[in-house]
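Chain IDs A, B, C, D, E, F, G and H follow the sequence of writing; residue 1 opens each chain.
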């Protein structure tokens, strides 16, 4: 479909990917787009590989699942192996540099970014890795505007954690921008 | 075979074990063993891996093995 | 894990699916230690469970194992035990499984005094479905369906079991592993319905909503709040208010159901 | 059991048939009009080395039956509508885990409490579709006391052979009716026993079988140490969420039934060859139909009767043949038209299909059916 | 509720739609994938003056809903397959005693425990036939988050108008999906309130109504002092075993639904006029069908889509019309072919009817449907 | 019948369907006497019953009456009471209805301490279905499904209710009519879950199988075996063995469920 | 149907009519006949009107209910009013002379016999009125042989009550024979 | 109307009632009243009808009315 982005966010159960998907979707709504968000759970959504998917489009969205991602995020090894498959040619793929060692063969443009490390070292909470990732993803793809994603984020996070989250998002934006400017992680 | 054991091993004060072995494939990094080791033997390492940081301090009390919910710790007793 | 008890696990199924730090693994550990000490025949021992996180336990144990429907473990187990009384039958069930949807089967199994050793994994919450309050959730606690704090009072499960007719009732925690192992042994030895309530910790669905800290913190809470009957006796009412007793709570004699039926059969067979 | 003729009640024939088939475990909860089955078995089972237990409700009864069956004992429960509704979740469990057992539903007038003592056949569709999710099921229905005995034996044979719960769908008329019958001697009717694995524990996969077969079943307590669950599982019995495995296992569950229709489906068909109109009926209603058909024949009308003993899977082929031959079909049942729907589907427009339906709590009278026969015979469009 | 677009989950839309419709009593027992409905209502109901209670099981939940409804409060429960099976007895009670309420079933993969988080549509027939005895029932099924809100409101309107339990049959896809929607402002959707008697206590017969109508319903506690039972009853509400009264009352129960199909049945039909092939689908599957039909049209195939929002009573007339026009029908659903049976029946041989069925725990992909469309379009016999 | 209580009956439904001499009529008599003394508003009082002989009681009483499904009366009643707490809700249920299929709803209603006055017609049998043993049938008694004598032990219903959380528990018999009337009054006044167990007689399905004699003989049996707590205290263990206590058995304070919820609503309404 | 007898026994719940029906059916089996026996219950089979039906035939019996009785027995007023309707012309109808006052219009040959009174006064137990009735019915109709009904009765009754039951049956036979010999209760 | 009654009539020792009235339409002849009347007032009559055989012995104790499961006995108090 024209003007449609299929986004797949994946990682382990506790990494907050559904929340990231929701924020991304809400940012797209602020931008005036149509959007559908879905997820898939493991046996009890603990550990392992889980995913959240977002489709963003100017058109009405019929089929709600992502078949062939335009954008892929993989925050742990298992989810990359399980869910990266099927990316479109030249899709954008972002993986956690610290937690992912192997990448399946793909024609995607792959960026390995220190997402979790940034969250742990620069924000002090690994928990916000999802937000860092969201920043990086927005910056690299331009799929949602910086303002919208910031607004959407701040609406969703618990009171008292706004600053921490804003910081995580900024760090993510920076990671993304640096990556855009710098070296691409190479095709393989 | 429990049936050949007269007294339960875990209830007998043990010899100083040769090693505390962590099965990293099963460990879920919950931190219980670290919190309950009174001797500071265990610690989180890189990427929250549980490491036997101070093996020499271990007194073989077995608390870590006892409380590990994932059977990821073994006290391997030295052959006598 | 002690090498001599590995035989009771389906090792290829490990690590189990429970969350990091979940107490269920500790309960299972104590169960197999007890079975080992009891020298039970692994081929003639059956584990029956319902549905829930705790109920997944049956899948990790190397016996004939029966993972049933939510709340019905005791009813299925009644069928197994009554049909073949020579089998050792353990029932592994969560607090929701046993006391919410399964409450009726619980009181009736106790009333019949059928020889089932029932281990209730009491984590005070519906863990599997993501943290709704259970009939064992303390008053005022938070859960996803009690966002303003739980209005209900929990059961005193031990008292309920005693009133219903259980002939052995004990309570331990995942901290009190030695006691738990011993209670399971004693419960098994009782020729009748035995309840062993294990206070276990669910860091994911209960701990998080109620600011209980890390899994280790939750274990420490158990250590600090579970006391022996003797110690309990000597506490002041204020001190008692947040404590619970760990150990054997009740023991009595009564005819066991399957044995009674066997007598009947002997009497009327061929008539 | 002697070969003397005896006066036997339908419910008694069910109880005795079950014992004949080797049933040695019954768990139930009393409910009219099925209660006599429990009462007779409470007395009889201890005499034949079997077990009877009255559980706290129907849910527990169904659960206990499944548990008992896993130990290798042929097991049964009996109930009526309200209890049948309650058993549905665990009937689904038995389908999924492939546990042989027999569930008797002596139908009464519903919905809800309805009229406990009134005849009806309102649970035909529920017997097929009562539990959630897609599941195959075998449903048998008798028309006489003798047939109740025979179909009870068959129900156990099919349950054991295909590792499924089999529903014996009786109705108040047949359950409470007494008839003169000569109960079969041991050996007279075939009795099928469960297939057990003959491999070692290591080689045993409790859910491994050909694409259309039920796997051999080890008994609990005999050293196979396997796992049984109501979750989707692979051949080893352990839970899986792999789409291809789910697909395979569910397909096998269906195939083991639908690829063996010849073994499963029986029906009674009389005077259909020359018939212009065939009355399709079952259970108590079929008794009134017999009379009505006789009277119609006396009037010179070419009328036949088709009486499925297997309601589900529906004898689709046989009925399609009647429809294809352009015979008018009249479905007589004590409900609002349940089997009628299936007959309409199978007829696929090839012949006129009409219902003779009654839901007032009384057995349909032969006259009512005869009148309908006359009406359809004369006026329904032929082909 | 604002007219701002929001990201809303299907289960949330159900909860909010219920509140919009005036629902102020919820009783439930958690089960995946319906649990969010309960969780949201636990929070929201006290805020709007409503009541939320978590019962000890699904049976009790259904019972409490009926009890609450009798006091005049619009009431609801939500569950999934295993819980839906357990509720059946009391759903039948609500049918019989004519108690308005809404029962949500967010379907998951069965039978039995199945896979709790996997999408499926295996409860379509159970929703129609799950309780014992003959009973009419209304079943609605949404395909999008917005429609979930709207059909929840409709479910309450129909329940209140016809004094019946209405089943809102969702599936995991729609229940867990989040979409951008603008929730309706108060007043935007019609909200129907229960008809109360305007006569005196002496003149009130709680079950007296025209042959095809639901009677006005007095609230408990307002002085009418009437009797409610699940036994067959006469117009006064008291038990009866009189065949003619039973017949009359049961007929009215059916007529009040089947004589008002125009008010009850809605469907969505797109590009069917010129279509040679019409895909019939509903719920989550219909989303994949939409895509597939677009692709098929791009390939030049004349394909349309027919999507019932009312599953039961089935839109028989509309489908018969398609069949009569000789269009090929393809039924796409996530089960072994349930609605397919009804479509076959209604088509009555007038056109080719094929199924595109999937039961592996995954939402059918548009490609799968497209391939089936191509196959049927090319090869199925025309008329 | 006293003319002043006729107003509580649906006179046109009398004579009731119960067998000659059945105790149920006496229970109902006491109930309406209690209601009369309590001056309850007939228009704001609801009777909820399950299925069984006893449960037919609702049909004879001139209130809003709800005859539900077997075992579920308390769950329906919970809906009625929680939705409209200002109504007085009585639950009329048999021993089978309440303690067999309905056991779970019973312990949960008690645990929630919801303000329902529950009267259990305990005739020790499933009367309606023709005399199968119930969870209240004494051990060794005969019933159609215990042709060789009942192997099971009955519940002590009062103890079960207390353990589950009931805040008022009393017991009377159809012989002790004055006490029964008073217990119903006291039970109603308790703001919480109240159980009144009535030992009643079923000459048809229990008496006949167990050679209990005429209805009058069964009443006399009650007279001779039901004793006050005070008298019971003074009996020897042997004397006690076949006696049971009549009167108030338990009373305590606990928050009532619907009231707690109302507080919650007041706090969060409009938020 | 040729050679087919349709028998309807009616009375109140406690009068033992089902047992009478069973004994009659078993007697017919001893006589080598085919037989079907059914009954209908009231709300809980207590008091009121209940009935047991027996069809006796040389042929196979299809429809198991009695449509138009050849033989009718009515042991209380309510059951006579409810169930006597439909008797064949010239059917045999026996009613309890003490308990039945009104008989609906019918073309049956009606005998009003002191059945319950005989049981009470001559056997000393009202309980055996059903057996008395059975005797009278057999004698009046000849539907089953005297020996068969006696055998069937003695197989069914509890040990220790054989003499009482035999006596009741004899008294019934006598009642029937006297009636045959004596006056018919008249058509009305 | 209970609400106007201050003390319960049945708890006040009554005047000797004018009559014990049996509602034959409701009476099921269970015999309870006869068994519990200490004064032998009631008895089974023809066809087991309950009859007031010795009305003069009645002391108005109300036991019969109290225990009748079918509300078939009324003690009709004479107008004062």
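The rule we apply is simple: a contact is a pair of C-beta atoms (placed from the backbone, for glycine too) under 8 Å apart; a residue touches a chain by one contact, two chains touch by 3 or more.
None of these values were measured; they are calculated from a predicted model.
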item: Neighbouring chains shared between chain C and chain H, ordered by label; value: F
item: Chain G reached from chain B - shortest hop count over touching chains; value: 3
item: Between the pairs F-H and D-F, the one where more C-beta pairs touch; value: F-H
item: Whole-Å separation of chain centres (CA-atom averages), chain A against chain B; value: 39
item: Intercentroid distance (Cα basis), chain F paired with chain A, Å; value: 61
item: Multi-chain contact sites of chain D, meaning residues that touch two or more partners; value: 46, 56-57, 59, 82, 89, 93, 112-113, 229-231, 239, 241
item: Per-residue overlap in chain B, given as positions that touch at least 2 other chains; value: 28
item: Contacts with 2+ other chains: residues of chain C; value: 18-20, 51, 69, 101, 103-104, 108, 135, 148, 261, 264, 267-268
item: Complex contact set, residues of chain A against chain E; value: 22, 25-26, 29, 33-43, 45, 61-65, 67
item: Complex interface listing, chain E residues touching chain C; value: 29-32, 35, 38-39, 42-43, 46, 52, 54, 56-58, 82, 112-113
item: In the complex with chain F, residue positions of chain C that touch it; value: 101-104, 107-108, 111-113, 135, 148, 151-156, 159-160, 162-165, 254-255, 257, 260-261, 264, 267-268
item: Chain C partner contacts - residues on chain D that touch it in the complex; value: 25, 27, 46-49, 51, 53, 55-57, 59-61, 63-73, 75, 89-90, 93, 220-231, 238-239
item: Parts of chain B lying in touch with chain C, wherever the complex brings them together; value: 1-3, 5, 8-11, 25-26, 28-32, 34-36, 65-72, 74
